[in-house]
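For reference, chains read A, B, C, D, E and F in written order, and residue numbers begin at 1 within each chain.
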């Protein structure tokens, strides 16, 4: 099994989610995160004090997937999350040893 | 576009500086002489003074309450309904109008609304508030200082344009908003206010207008004008990016709830204060206001309960606002039971406007400024013609001073016709005026923000700040 | 259960429609004739008018302030104390009562409280507000329009049931709440209000009741009745799922803080407004109210400082509310220093009720409606019998009109006995009435939500919305 | 240190208990006799009563509005500007002062401010409010109950120290704050209030002081005193940990916005209420207040627009507060146009104070209590000397009662000198007094929290609670 | 070392935490997340506009554990987090190369 | 590639971020988390009810790094995040199979 973590622009989330549903991927966990990278932030001024906000709101999608599905999911995300502008985010893949469904102790890919 | 804005900013500064000088100049002009004591009837004068103090206390409190309606009332009601990234932008628009309209009012606005006795617009008689002092202006309010009347009316001029921001929410530039509202106040609000409430105004029922339209506290002047203009703005600006596919739930109904409650309470000043005295009529308007709000909250909730299987807090507060809007023109003319009825009807109708009609036509009246104020104001204006009663407010007399019937049920069916005329005039002026002004402002500084800015949010892009910084 | 609710909804709709018709019918009935001018003493009349305007201004403002106490005041105070998932439910309950009680009040409520001169309950004399107009009702308030008195009293009828929602918080069905509150208002509040404040009421001290109980602004009628009923509700409903093992900290003390401040300010209208005139007595009640609130905030904070090593904002605001509750019956009878003392005592006692007694018995009075209002109201009612003074309010006279002693320290020990009787009557009525009504409502539509719904939260399950949607 | 605090807590308890006894003792003393009816002129008396009721209504409402300014107004304004972890601490400080100052006021505070006729301080004439009853005190307010005047003045005594908490924000111990504020109220506020407003006060312009300083509603007494003391506190306490390197954006401008709006509305009570009657002067002050606030919001926003390319909501509300501060001493003396000008100037000046001067000197006036209240108050006090006009307020007369010029433009240049003296006195007293008291309190219980506590936040460490618990 | 990630129902958190403490597991990092999966969401209606909320509040527990402990922890979570209803969540296991305690640079299992 | 997860004290974040920028590490994703461990929490009292809050606010930094950089980043974090008090947090390292930049489908280390 693979764990796919995708950091994306919040404004793209709805489209990504819908696209994933279409290819039959339902299970995911979403985390509100703040991202720092090439994308420049903006400055805010409060009573003359300037702050450069370089931590920008992003959404992180975490999906544990059967190896078979990974490529398809990656492609889907790449397609739907892309705006072409700096800050579109990343996809990271890493191995997962085991998955267990709490409800019924099911294990392995069938737990996903 | 940015160059244009910089230009505007500079223009604004120049204007402001010029203003300062104007004010300075004004300082002498505006210094009104103290009240000259009538030597004949000292006693009589003391009674008049006591009466004046009593009425003045009530109208001053009412003025404060009406300001409370805009800030924080309306600002919270609207601010809570938008997405988090636009909350300050909405609040800022209301606040900016509190400041902007006030200065315009002092310079020329009041005079354009209530100066002279023209049929369609005031004059410059009271520019810089010349001649507005402590003595009453018997045409408008015989027992309170003219200046009290002036400041009270100002609060209405502030909230009216602020209501429009509910339709332009989440996508209109701040620079464009400021410019548009300035023009709208001078060219749409002022004429309408004068026609309905100003001496000699063609629609003025109290001071012998050609088409006496009953509008106790602003059904036409405030709600139809703002509501209909809101519709035009929504159509002109187009939908928010992602609307309606993308969900845009209110970011904090808690804020909206607070705002709605403050609107309800403030509305007592709005309607009961419009009696311009602390008398039985004020009480009657107070009661009608409260009853209509309650009945409308109930009927909107009932509609939701039937339709969705459960009533929502948003529904209840929306209903109450709808009821308050509808009773505004009627408050000082109808008995408590008709007030309940008007509210009840307004709740259901506005519910349908907001849930059905809007969906049907598909315009993006973001916060339902038209659905509530346009529709509610129109309903209220017409029902006023039906339920207005001389028992509550004997506004018409014959030569011998005996009260004549006022509304239809009271025996004066023609009133409904006059109400219709008033409504049509208000709709027309709002439709045409707003459209023209939007075109102009669009050319000068632009109306809509770029899509990136819209996605990033107006708080950051228009004001360089965020409503919440909770990651501390 | 869901079928039952649907049925209720339908019933509700029918009721509302029927209502509409009733209102319509009422429209004619309610149209009161204008005040007939007394031809004899024009001058005298003008003085009376000035006096009336002054008092009317104050009482209208007070009515607005008391409404402000419920919405947004109490709604925020309670809404902030619950968990995020129930914030709207709490606010909605207060708001629904603002609407519901208002309509009931207009139809029959006012009449049941203040109509006729029965010993235990009003009659239908003023149903549909028949005969409630601009002329004063000398039995209740000789200088202000009867309608002003009516609308002012309504605000008390609104907040009283709303207080109970603090005990049923986070687990009671909305449908059950609506039905229960309707019955409770008609069968518990109305009788008690009539007994204590109504003409001929057995406990009415001003209009010669058999057992003259001093209750200036609602210690028995408002606080004991709601507080004790709250206890019954808490016991009947049982504990919230997970209570007390699971932590349930207030989701936003910021909201509660705002609410508490608005309660404090609104209470000036509640207590000082109860003078029903803008005279020295109003001022005296105003001062007593403010002093008691301050002293109680201080004493509760001191208790916390001793016990926990530091005072909390929640403690300070809870104390202030306790003080306001306790001074309510006494406000118009005691001097400033006794007011400080009453507040001081109330702060400590309610602190113990809420922290010790509740823990001891283990009932889940979620937001301490009983601990603060039940306890504080009782303390206040009794202390009124001790500190009431003819110097502040000469309510008792002999034949020659010389003022007689009022409270114990003033030389009238028996008053304490009467206060005790009043307290017992209020407790009994609240205990029995509430229990019976809960049983009935439980059978009809059910009181408590399912455990899943309780865990998911009432905002979503009862109202289909959420208080905050912050994920932009 | 913790031992010291425990000791303080115990001392506090003892004090409070003692208090209770004192109050009890006071109960008899304070019982004022009812107003004796003048048998001669019944009619005359009824007119006076009507006048009194009218004025009383207005001043009571004003008192409520001024309390609303502190809680929730100022508490929200400040609470929103700090980081989330300190929001309750800020609110609690304002609330604690509402309670603490009230009790001190009842015991000795009022008497120290308005008792006797000394030049620099009151006396104990009115300790325990002895002799403060329903009859007017003609020296201060001839038409309203003395007790109304007392409670109204109290509200000023509450908000003044509360303003200082803006400078000590996020790092001062609660115990230290309580002790410091107690002493500051007695030793800085009371003397200054007496000098400017008390009978015989050396700066009192209305009651023949040696150096007649015009201060209608508290430019010197409230704003300079608190603002300058705030600066001393900021310097004495030193910077917040991490300031200025670490960003400390306001955690909720939404709260600050609500607070600012409530301040604006409440300020009508603050300034227009200071007329102590519901007359034309009250209206004039009301208008001046509103105009100054609006003009200042506009000029601050304009400055930001020029400087940053966009105006911010924080800027607009800060400007409005600056304008309200500056107009405070002038409100009852200047015409509308000068009011606009004063506000306009205050907005720009305070903007520079807060953005430039503070940065220049680098002191950490966390929420700009000095930058807004100190600077704005000073500007206002001086401009009052220039624009005050007999047309608005004929405070000076010759023997024959003809009004003499008041301000410079009115023909009395010396007034500016007097204003300068008043300003200097206020500055000196605040500077010296505050510094000495800080030293004392620092020795007794300490002023600043430990660095860990500062990082963890004052809500948890000083009050054992959190403002928000949203993870439910 | 193993990293255990458990997505659970917020209402079960207290019980899970207590149970883990009992078996001596103190260290964990908790993240508020929103979950999407088989569990159906609910619908909200704002002025007639319907939203189906299918991102439900969950808590994600992250624990890096010595291999020896993993089984015990998994069992404990399965026991205490289970309600038997759809939506109980998952447990995921993955390898961790290294752990370091910032306070004292301790490394490996002793850093946990 | 390695994934570095660092749980740190929020008050140290600014310094850590600046230090990382200096060594040229820009890309990171920050998550607000609550931590449970050796560090004792505090107690809060609401109307007499005591709660011991043992979930303390922390920030979690997630960085996917080329193996070459890992050591340097670890050292930098250890240096700048350390206060020496209990609760300073942990650093965890784990393997990442693949990284993809959504904007331009770049893969591998060049995507970081």
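We adopt the following convention: a contact is a pair of C-beta atoms (placed from the backbone, for glycine too) under 8 Å apart; a residue touches a chain by one contact, two chains touch by 3 or more.
As the structure is a computational prediction, the values presented were derived from the model and not from experiment.
**Student:** Spell out the chains that contact chain A while also contacting chain C.
**Tutor:** Per touch definition, common to chain A and chain C: B, D, E, F.
**Student:** Report which interface contains more C-beta contacts, comparing A-F against A-D.
**Tutor:** Most contacts of the two pairs: A-F.
**Student:** Determine the centre-to-centre distance between chain B and chain F, using the mean Cα coordinates as centres, and give it in whole Å.
**Tutor:** Those two chain centres are 52 Å apart.
**Student:** Where the CA atoms of chain C average out and where those of chain D average out, how many Å apart are those spots?
**Tutor:** About 33 Å separates the centre of chain C from that of chain D.
**Student:** Among the residues of chain E, which ones contact at least 2 other chains?
**Tutor:** In chain E, 31, 34, 44-46, 94-95 touch at least two other chains.
**Student:** Can you list every residue of chain D that touches 2 or more other chains, as numbers and ranges?
**Tutor:** 47, 50-51, 53-54, 57, 61, 247, 249-250, 258, 308, 312, 314, 464-466, 468, 471-472
**Student:** In the complex formed with chain C, which residues of chain E make contact?
**Tutor:** Result: residues 11, 14, 34, 42-46 of chain E touch chain C.
**Student:** For chain C, which residues count as touching chain D in their complex?
**Tutor:** 47, 50-51, 53-55, 57-58, 61, 65, 83-85, 248-254, 257-258, 260-262, 264-265, 268-269, 272, 277-280, 282-284, 286-287, 290-291, 293-295, 297-299, 301-302, 305-306, 308-314, 316-317, 319-320, 335-338, 340-341, 344-345, 387, 389, 391-392, 394, 403, 409, 468
**Student:** Could you pull out which chain E residues touch chain B in their complex?
**Tutor:** Touch residues, chain E against chain B: 44-49, 51.
**Student:** Where on chain B is chain A touching in the complex?
**Tutor:** Residues 242, 245-247, 455-456, 460-461, 464-466, 471 of chain B touch chain A in their complex.
**Student:** Can you tell me which positions in chain B touch chain E when the two form their complex?
**Tutor:** Interface residues on chain B, with respect to chain E: 244, 247, 249-250, 304, 308, 312, 314-315, 318, 354-356, 358-359, 368.
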